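Each of the two complexes below includes chain A, the first together with chain B, the second together with chain C.
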Partner chain A sequence: MKNYDILIIGGGPAGISAALAASKFNLKVALFEEKETLGGQLVKQTHKFFGSKDESAGTRGIFIAQKLINDVNNKDNIDVYLNSMVLGYYEDGVVTALVKGKMEKFKPKKIVIATGAFEKSLPFENNDLPGVFGAGAVQTLMNVYGVLPGKEVLMVGSGNIGLIVSYQLAQAGVKVKGIVEISEKIGGYLVHASKVRRLGIPIYTKHTITKAIGENKVEGAIIENIETKEKKQISCDVICLATGLMPLSDIINQINCEMKYISELGGYVPVHDDNMKTTVENIFVAGDTAGIEEATAAMLEGELAGLYASYELTNIFDNRINEIKERLKEFRKTSSKVVSGLKKLNLYNDFTVNSQEDLGKLHRTGIPEKESIESNIPKENKRFAIIECYQKIPCNPCVSSCPTNAISMDSLNGIPKLDTNKCIGCGNCVAICPGLAIFVVDKESVLLPYEFLPLPNKGDIVEVVDREGKFLEKNIVLNVRKMKDKTNLIEVKVSKEHINNARHIRVVK
Partner chain B sequence: MRIENHPILEFKRTKKVKFYFDGKEVWGYEGESIAAALHALGIWEYREGLKTKRPRGLFCAIGHCSSCLMEVNGVPNTRICVTPVKEGIIVKKQLPKGDLVEKL
Partner chain C sequence: MNEEKIIVCRCEDITLKEIRDLINDGYTTLEEIKRITRAVMGPCQGKTCGPIIAREISKITGKPIEEIYKPSIRPPFGGLFFKEIVGEKDEK
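For the complex of A and B:
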């Protein structure tokens, strides 16, 4: 039997963050991961993260994962158990695990459970056909193994995962036939929605999938307008379900932690306090297991659980504990769903969420209202940035990227404001914006972010398209700035009449 | 179907390994899951539903849903989405529950 101070179950962003936090106190830490590699779902996230600099905003998830994994591997006091599944916890404090196929016993003083989540399915006819995949499976195939999930995909769900995976599919060269969303509004961040709309991908709000077509494999889908009941057939070989996640709580149930059903947090979640402690002594939770959120919250919660468990062992209180709680609050400032879930756990009782205003057409289509677009266009005739970011989300890398302090924001959850007198049109903000929502417009050109292949060369003629991916004109590429983080900047010549609508290019082969 | 060029990612593909699927010789890259290798070859049916007898394929691809259970080297109920391909392994479509006793 091996003794540890802290044993962590799950090697994703939450588990790794907990391990790193505990390692600061020179405690003996064990990190268990069921699979062959660490990083959890973060290793599939090719998009740039939101947030502030402290949370690696503007950095792609894959790079955040790499850094976390390297940090863990460089710590002598963290024993990493890969291919090792924790089987159970006994009343005498013993944990059993299958370590590379052999059962072993461990006795930790504290346990942090960070087992992540499980993909939800959706009831519809033929939903068991091969070709109906969870969004995580699609990401695993294409972003981990470089295997194309299919040729034509119908996405179900317009939350952040549905929108992000649709964009990633397009980057991999897969045709996305549409995104189906049952509610009247798009669920995810609207900058993500605008990104996919520019590619010409339709978002069918107030629609649901009623049937998968096919004998042994998916060949198509029937979607239905939930109001008019009008049906539409879509041919596709993959139906990708991005319909939510459920906390993976088997081990927490086995330990007999008190559980509560909270739909806003994804289903049954362990009752826990604001230090991530469950109702069972010495057992902590973090990340999606504690309630579905996203990776940034998972990393913060993991660190919090690791620090608090360490505090209970060492009596050293790290002030970072209070700092993380504040960061989490700022992050949740616009997440009414998560906060109302947390209130059911008796947390965040006095906390008020910034109400999200209905952004009209933008919320329903991913395309901003004409007035919003026009309000961005300054009177002066000069080169300047256009920030098409209208929704309050926790994100601010554009502010610090500006060399002339032309961009300001009243808080992390504010909306960026541009001082056109200060803006020099350098394009730094275009390159850093995680939502790809900033463009630089000149008299006869638009500078835009481009994350597709093939990359055009200076002098090439490309198709200039609008916010819906509709063809505007053919024009010439004036400049290509290859960037290290692969959000390349393309400056394309655009005739005056299209300047305020040209937002993407298509390279014609 | 594999991604050759990707705007963001680079795929480090190492050695090709041969293995068997329902008696046919197939291949994958060392280090990838059996599911990824089969999917790339267009093989999407991995077992039959327990009660429905209908074809089942991948669903979650992270070892949680049991949709892709197959018989690997005689061991039924192997989660092929988290089991790496190895030279010469024998992978068979699993009929309902699989059968371990028969193999012994």
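For the complex of A and C:
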């Protein structure tokens, strides 16, 4: 039997953050991960994160994972158990785990459960055909093993995962035939939606999948408009389900922590207080297990759980605990869903969230309304940035990227505003924006963010397309700026009539 | 919609038709359906099918899902060999 001060189950962003927080107090920490690597979902996330600078906004998930893993490996007081599945918890506080093919016993003083989430499945005809994947599997195949899941994909679900994985599939050269969304509004961040629309990927709101077609493997799908019942057949060899996550709570259930069904948080969640303590003494939770949110919230919650568990052991109160609670509130200000879920846990009772306004056409199609687009175009005839970011999301790297302070924002969740008099058109903001929502427009050129291969060369002729991926014209690449973080900047010549609609390019092979 | 071609439990290969027939026959708890079909008892331990079956029960009986879907799992959570518990030297 091995003794530990704190035992953490789950080596994703929440678990690692908890381990790092606890290690600050020189406590003996064990970190359990059932896979061969730490990092959880972060290791598949090739996109740049939203958020504020303090929480690594603008950094790609994979790099955040690398940093966290390095930090863990540099700590002598964290024992990392990889390929080690926790199998049970017993009344005397003993935890059993399968370590190197042998069942071992551990006795910790505190436990932090950060086991993450499980993908929800969807019942439709022939849903057992080979070629029906969960979005997590597609991401693992593509981004971890470098294997394409297929050639033509139909995505089901337009939350952030559905949108981001569609974009990544397109980056990998897969044709995404469409994104099916049952509700009338796109679920994920609208900058992600605009990003996939520019690639020519349609989003079918108010649609659901009713059937997979094929004998021995997926050869297509039938989708149906839930209002008109109109059916459409789409040919594809992969159906990718991004239909939501559910907290993974096997261990919490077994420990007999009080649970509550809260649909806003993904299903059954452990009742916990604002220090991440459950109803059972010495058991803490963090991350998606405590309720489905974003990775940034998971890291903050993990750190909070780690610090508070340490406080109970050492009696040293770290002020960062209060700081994290404030950060979490700031972060959750745009998510009426999460906040209303937390209210059901008797948390955030004094906290109100303005429910997200309906952004009209943008919310249904991923393409901004004509008026919003036009309001961005200044009268003066000069080089300036155009910010097509209209939704309140917790994100602000554009503000600090600007050397002339031309971009301002009321709070982390505000909408960026541009002072065109100050803007010198340098393009810094274009490169940093994780939503790829900023462009620099000059008299006869557009500077755009580009994350595809092959990269065009200066002087090449490329196809210039609009916000829906529709062909506008062929024109010449004036400049290519290769960036370290791989969001490259392409300046392309565009004729006057198309200058306000040119938002992406296609390299002609 | 052909309910016989909709798989609810992937581990034990159970269709939506089987589940709906059972609910209509009066098996209206997850526990009963689990005992009769083996759904929820496969390697995923009901993570895929559990919520779907609960939703079907809720739809047919009108009971809120909170009252139906209450997963509880006993240790060990995963499949284990005896040698992993007792530590055997020679498999033969």
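Here is the rule we go by: the second predicted complex is superposed on the first by the 509 of 509 C-alpha atoms of A that agree within 3 Å, B and C clash if a C-alpha of one lies under 4 Å from a C-alpha of the other, contacts with A are read in each partner's own complex, and residues count from 1 in each chain.
One rule holds in what follows: a contact is a pair of C-beta atoms (placed from the backbone, for glycine too) under 8 Å apart; a residue touches a chain by one contact, two chains touch by 3 or more.
All figures in this text were calculated on a predicted structure; none of them were measured in a lab.
Of the two partner chains, neither chain B nor chain C is touched by A:Lys109.
Of the two partner chains placed by the overlay, only chain C lies in contact with A:Phe124; chain B stays clear of it.
Contacts of A:Ala172 after superposition on the shared chain: chain B is touched, whereas chain C is not.
Using the contact criterion defined above for the overlaid structures, shared-chain residue A:Lys28 touches neither chain B nor chain C, since it reaches no partner. Legend: residue contacts after superposition of the two complexes on their common chain; A:Leu248 is shown touching both chain B and chain C. By the touch criterion defined above, A:Arg481 reaches neither chain B nor chain C.
In the superposition on chain A, A:Glu36 makes contact with chain B only, while chain C stays out of contact range.
Judged by the touch definition given at the top, the superposed model places A:Lys343 against neither chain B nor chain C.
Within the superposed three-chain model, A:Ala137 lies in touch with chain B and out of touch with chain C [touch as defined at top].
The interface of chain A with chain B overlaps its interface with chain C at residues 118, 121, 128, 248. Across the complex, chain C meets chain A through its residues 1-2, 5-8, 10, 13, 16, 45, 47-49, 51-52, 65-66, 69-78, 80, 83-85, 87.
Within the complex formed with chain A, the residues of chain B that make contact are 1-3, 5-9, 11, 13, 32-33, 36, 39-40, 44-46, 49, 52, 54-65, 81-82, 84.
Across the complex, chain C is touched by residues 85-90, 96, 98, 101-103, 118, 120-121, 123-128, 210-211, 246, 248-251, 253-254, 259, 261, 267-268 of chain A.
Chain A contributes residues 34-36, 41, 46, 60, 62, 118-119, 121, 128-134, 136-137, 140-149, 151, 171-173, 216-217, 248, 451-453, 455, 486 to its touches with chain B in the complex.
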